[in-house]
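Going by the order they are written in, the chains are A, B, C, D, E, F, G, H and I; count residues from 1 in each one.
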Amino acid sequence: MIDMVIHTLVIAGLIASALMVFYFRDLLAAALAAGFFSFLISLEFYILQAPDVAISQAAIGAGLTTAIFIIAIRATTRYEGGQP
Amino acid sequence: MIDPWYIAVCILVILVCLALIRLFLGPTAADRAVAVDTVNTLSVAALVLLGVAYQQIIFIDVAIVYALLSFVSTLYIAKYLGGEL
Amino acid sequence: MFWNLPLIAVVALTIIALATIVFKKNLIKVFLGIVILESAVNLFLISLGYREGGIAPIYTNAPSSAMVLPTPQALTLTSIVIGVATSALLLSFAIIIWKKYGSIDIEMIRRLKE
Amino acid sequence: MRMSKIVRTGANLLYPFILIFGLYVIMHGHLTPGGGFQGGAVVATAAALVIVAYSYDEVAGMLKKTAMKARESIGLLLFIGAGIAALVVGAPFFYNFLANSGLLFGMPVIPGPNPGDLNTAGVIPIMNIAVGIEVWGGLAIILLYMLSGIRKEES
Amino acid sequence: MDLTSTLITGAGSWNPLAWILGIVVAAIIAWLIYSVGEKGYKPGTAQTEPFISGNPEPEKGMVHVRSGNLYWGYLEALKGYYARLVPLHTGDLHDYVLWYLGITALFLVLVVISA
Amino acid sequence: MIPFLLTFILALLLYLLLTAGSGSMLLWSPSELVAGIALSLLAAAVARNFLCRSGSFRMANPLRLLLIPLYLLGPFLLEVTKANLDVAYRVITGNIRPGIIRVQSGLKTDLGIFMLANSITLTPGTITVDIDEKSHDLYVHNINIPDGWEGRSGVEDRELFSIANLPAWIRRIAE
Amino acid sequence: MIPQFIVENSPALMVIVPLVAAFITPFIGRISSGIRSIWVGGAMAVTSAITLILAFDVYSAGTRLYVFGARAASAAIPPDSGGIPIRIIFEVDPMSALMLVITAISGFAIILYSLSSERSHTGLESYYTLFLLMITGILGMVSTGDIFNFFVFLEILSLASAGLIAYRIDGGVAVEAALKYFVLSTIGALAILVAIGIYYGEYNALNMAMIASRMQFSLLDQVALVLIIAALAMKCGAVPMHFWTPDAYSMAPSSITALLVVASQASLYGLFRIVFSLYSVTLNAVMVGWLIIILGVLSMVVGVTMAIPQKNVKRLMAYHAVSQTGYMLLGVGVGLAVLGNQPLLDAFGYLAMEGGIFHIINHAMYKGLLFLTAGAIFLRVGTYNLNKMGGLGHSMKWTMVFFIIGALAIAGIPPFNGFASKLMIYESVFMFNPVLAVIAMVVSILTLASFVKVFHSIFMGPKLPEFADVKEAPLAMLLGMGILALVVVLFGLFPGIVVENLITPAAHALVDQGAYISTVLGGA
Amino acid sequence: MIADILILACLVIGLFFNTLGIVGLLRFPDVYTRMHATTKMTTFGSMFTALSVIIYGAALFLSSGDGQYVTLSVHALIAAVSLAFTNAVGSHAIARGAHKAGIKPSPAIVDRLEEYTP
Amino acid sequence: MKKILTAIIFLVLVAGLCAIPAFLAFGEPAGSDMDQYFIAHGQSEAAANNIVTSIVFDYRGFDTLGESVVLFTAVVGVGLMFRSMKGGNEE
């Protein structure tokens, strides 16, 4: 029962952070929210008994993808549709 | 009786969801970075506790990977914020 | 229905990701949508393999009777690496387009028409 | 530009430890969660740590692009070579010819729950190492290339 | 390997030998026409210059009919069709994705209803 | 050669820590030992220029290395506990008086300044914000500046710590 | 004659050889460019040779299985597994072999061409690496029998193609085209992955034969079918989703465009394989068949009408590629629509499918040839704009000859191969539904018209002063074009042999789902 | 028994500090003060939860003698140590980045860093 | 017009995707014979304790090769994007 509570919480966090990615106009904040999303989905993999996938999502999704997104934001522009 | 590990994990996940509020509100990007950094720390704690709760000793490796690597993305954000990237 | 929570989450995430791809004009935002879509598909695969009360398919100190299904985990590993490769290539395209066009707004990137 | 001295010193200190931890994850792929990709990504993150702590020019001296490319190709060749070796033995491509053979990594494993021995699983550890090397080179060089894209824009 | 095998479709047949024969005949006819041409032609002399009623020869580039001018009538006749079709190709990535998703949705409805 | 050996030994130590408990008789099984040595050699070959970048091998002294856990478990833990209680009090009451001050460290080595900065970050209501690369002075954000400090141009590092004299420990370890 | 080892392991070798060559190519390029050319050309030649050996073996000895990682290459089912295949299996039946032949011929011709055409560009080692990887992707896609493996090779193909489309990054327009292609193909690939997940969740199998034997056509299967059909139809450029095609085809280097045609044929193969081998009779064949027919007709009409007003040669040809894809969809769609009805299938269904499949190979040859000629012209003239060209027939005679061959073939003029396959499609479709056949013929006429326009504006007319010093294309390029032209002419002159030996087995293999399943599952 | 009490105590302390850290994150006025809350308190709290795991592993090892529990303890220890290490460096980096980005410490008595130009 | 169509498309897609949670049960897979084979034979055939690794590298090793190749392809593609354009005449 209690693991369903954890499930529910993690999934609520997942959907909330995905909505934040949709909502933020500041691309850096959106990339941060995507990093947050990666963390949560990695936690969800962990709860679903897939530690291999959790490690790989933690290393690749949360670490490197955020990094290359930030490099790309640096190389292009930070705000969606020009300066706020 | 419910396993205390599960309750602890539950509380930690609730805290993670609370940190989401700061991620949403945070007026500057630095606030959001702090929120993400906090979540990293809490996640590591949660992962360690979950590993014990599942009686799976090898799961702790995931927590170490988290602890070592989450910090790199924080550094990228900090470097970008400081205009040094 | 309540117990299908991860699968419902997959549907929700897919729709959010598709909405991000379709409605957002910034290329990097679109790519973030693609990343979310990939994660949603990965979550779908993993939750297919979950078995109630199962443990991870590693023979360390576990009874072998109730293990979760291992194949989806193997598939998801492949899919994650493909995802990072995709994002890297997409982002490098975005950087080049910014250099050449001075914009990464999708409405501006339309020199190829007709 | 480089980051502050504290971060640089931290990166220097942490680099070998993340490296050895990544190698541990690679090496224990057949016993614990992990394996080639995960460990390779961890090792690549160590490279990312150095990349972020120093300026691009300094990094270009420390982590050579050519060496990374070579690492990637060598990893892939080793991986595909482990498959081709099975062809030489006379079995189909990717046959695990070392498993249960008594040679390198060839110890049989006792069925049932047990912590396992490093010296098992046939070609799987070799492939793990190969993939680890490949992912190391690949992910690190992606970061280097993208940073070089930023630099070129400025000059 | 029967080189003379005939491709038999429902309503006709196709014999490669006949075709080769036809090509040879056509080539012979072409050669015949060529061979009855003017024998006194010498390239490089004034003979080959075009003569346009004594007017100066126009620029080479002016003589050539450019591709944009070909099929003008066809395009003019189908103006309404093209006025609808061409604007669909907006070059906008969103439209590309939406068309794809739309076709997926349409197929979904059709297949599920029909089954 | 010395950097290589030093990196090798430290890497091997970490590897052995990670695989502790793998053997049935000993704490480590023989194959783990062989693999650990091989991997540590590889890691040392790759990372020898990183761990010992400064070129000084003062830290190669085992006694200094032994001091580090002692430092972490003794004075440092005390300070951390006290700092946390302090911040907990401020979180609950909201009673803060923040500001950024300059702290004169007088430490010369990279490792020393690194340890001091991290100790400051983790301990007494302070965070290292920036560092003067030449004079190794730290700029520290303090959550509760004591009276009279806002006028001073520089604060001695030991004034920050109330229970134990951490800078002295760090000097003993790293200088 | 050929060592037994190669014949036995050819399915693995045809993937290994280009892969190993690709991994080493970046380092060979450092030594010298000449050695690199020899290396790449040699690797491609070896790959083509192995592929042709495999195809010949399949045509003569029947469907081949290759089980990766098993103790024996043909042991699809382990003895104690209870009758399920667990490993990745390459299942090369005549339909796959047909695609292999296409890839081998085109790949070899195109690499010969590009050795000379791309000589003066930077980043060549990456170019060749990606080229070989693309070949690998196509070969793997068409020969695999495992649905997840199909996805992996599809991704290899997408990434390699995207990188190559963006090869000329100077103006940024090529990158824009690559971006559009790649975003679409990523979303499509993810849709395919969802479908794979559905199959896995329902039937706990990844092998196509296994899924086919368990197929029930429930609601979830319908969803999966739609996801896969839409994604693969998008990847092969069927009309409402064709927008990326002209962008990508016109912006890629010409040699790559020729290969992209083959790649889109491979997607088409995947579509047919999924529909016929995975679903077959369980499917509501009439509905899906009509969907494919409608896609095909739309593709034909819209493609050709959009082609006529184009000013860019390659864009024009790209729209023709869309239009020709419509023929294949039409032919095979008619075959699918009558799949459940044996008398009609015998009467014209097989003929329609043979026409569609024959058109695949013909299209790959002549469209490749046309794109290569466009590239040769670009190399000498420096523009793709039709309005700026003219009078090139005086100086580029061989290119002109090859262009005429290709143009007549695509327009379906007899004695070239396009006529044979189009004739088969017309006849069979006429029996199915006369209106469709009439549309197909009109489209063919419009095709001819637009190629007359291209021919006139490029080659005819007086020799223009700005192109006074234009020379003939280099020998290697002519050689590459020559191979394809030779194939076009030969297929046109002897279509009976081709249809009998290559096409008919392929069509029957596609229709016969039972044989496909029992090859793996052993007559179950 | 005594181990159980110790484990529970450590867990409670850890969770208490973690909770306070999040409260501080939500409550404090600007980046730097928030960072005080999160850096110190969540690190400290997480170290305590890890400590409970270490004690758990040690107790089980002492009672059963199984080498796996050593692994558990050691890995938890490594996780805790690396957490403390990386957190300190990471929060320093964020603070520096934030100050360089021009975010002023809004309620501030004094800001010496303003005067510093490298 | 376009907005209405977009809304309809999204509604249909939601409905179609909802078939997944409606017909696939979470927690109890419909069939598991293939995976039972892996779980039962992975230890003896591939001699690895981690069944996921034995699938990734042994039973489905070819997929893993393809996946490494995907990463390699991405690296080569990224390198192609950021190559130096010195020397050689481009279009």
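The rule is short, and it goes like this: a residue touches a chain if its C-beta (ideal position, glycine included) is under 8 Å from a C-beta of that chain, and two chains touch if they have at least 3 such contacts.
Everything quoted here is computed from the prediction, not taken from an experiment.
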Looking at the contacts, which chains touch chain F and chain G alike? D
Comparing the two chain pairs, does C-D have more C-beta contacts than D-I, or is it the other way round? D-I
Looking at CA centres, what chain is most distant from chain C? E
Distance between chain D and chain E based on Cα centroids, please, to the nearest Å. 55
Averaging C-alpha coordinates per chain, one finds the centres of chain D and chain G separated by a number of Å equal to 36
Averaging only over C-alpha atoms, locate the centres of chain A and chain C and give their separation in whole Å. 11
Hey, how far is the Cα centre of chain A from the one of chain E, in Å? 53
Enumerate the residues of chain D that touch no fewer than two other chains. 3-4, 6-7, 10, 14, 17, 21, 25, 31-35, 37-38, 42, 45, 48, 52, 76, 80, 83, 93-94, 96, 112, 114-116, 135, 139, 142, 145-146, 149-150, 153
Junction residues of chain H - those touching two or more other chains: 21, 35, 39, 43, 67-69, 71, 75, 78, 82, 85-87, 89, 91-93, 96, 99
Where chain G touches two or more other chains simultaneously, the residues are 19, 23, 26, 68-69, 148, 152, 155, 159, 162-163, 166, 169, 171, 175, 179-180, 183, 187, 201, 204, 206, 219, 223, 226, 246-247, 306
Residue positions on chain A within touch of chain C in the complex are 4, 7-8, 11, 14-15, 18-19, 21-22, 27, 30-31, 34, 37-38, 41, 44-45, 48-53, 56-57, 60-61, 64-65, 68-69, 71-73, 75-77, 80-81
Of chain A, residues touching chain B in the complex: 2-3, 5-6, 9-10, 12-13, 16-17, 20, 26, 28-29, 32-33, 35-36, 39-40, 42-43, 46-47, 49, 51, 54-55, 58-59, 62-63, 66-67, 70-71, 73-74
Please give the residue numbers of chain G that touch chain C in the complex, ascending. 148, 152, 155, 159, 162-163, 166, 169, 171-173, 175-180, 182-183, 186-187, 190, 193-194, 196-197, 200-201, 204, 206, 246-247, 250-251, 306, 310
The answer for chain C against chain G in the complex is residues 21, 27, 30, 34, 37-38, 41, 44-45, 48, 69, 71-72, 75, 78-79, 82, 85-86, 89-90, 93-94, 96-97, 99-101, 109, 111-112, 114
What residues of chain D sit close enough to touch chain A in their complex? 25, 33-35, 37-38, 41-42, 44-45, 48, 52, 139, 142-143, 146-147, 149-150, 153
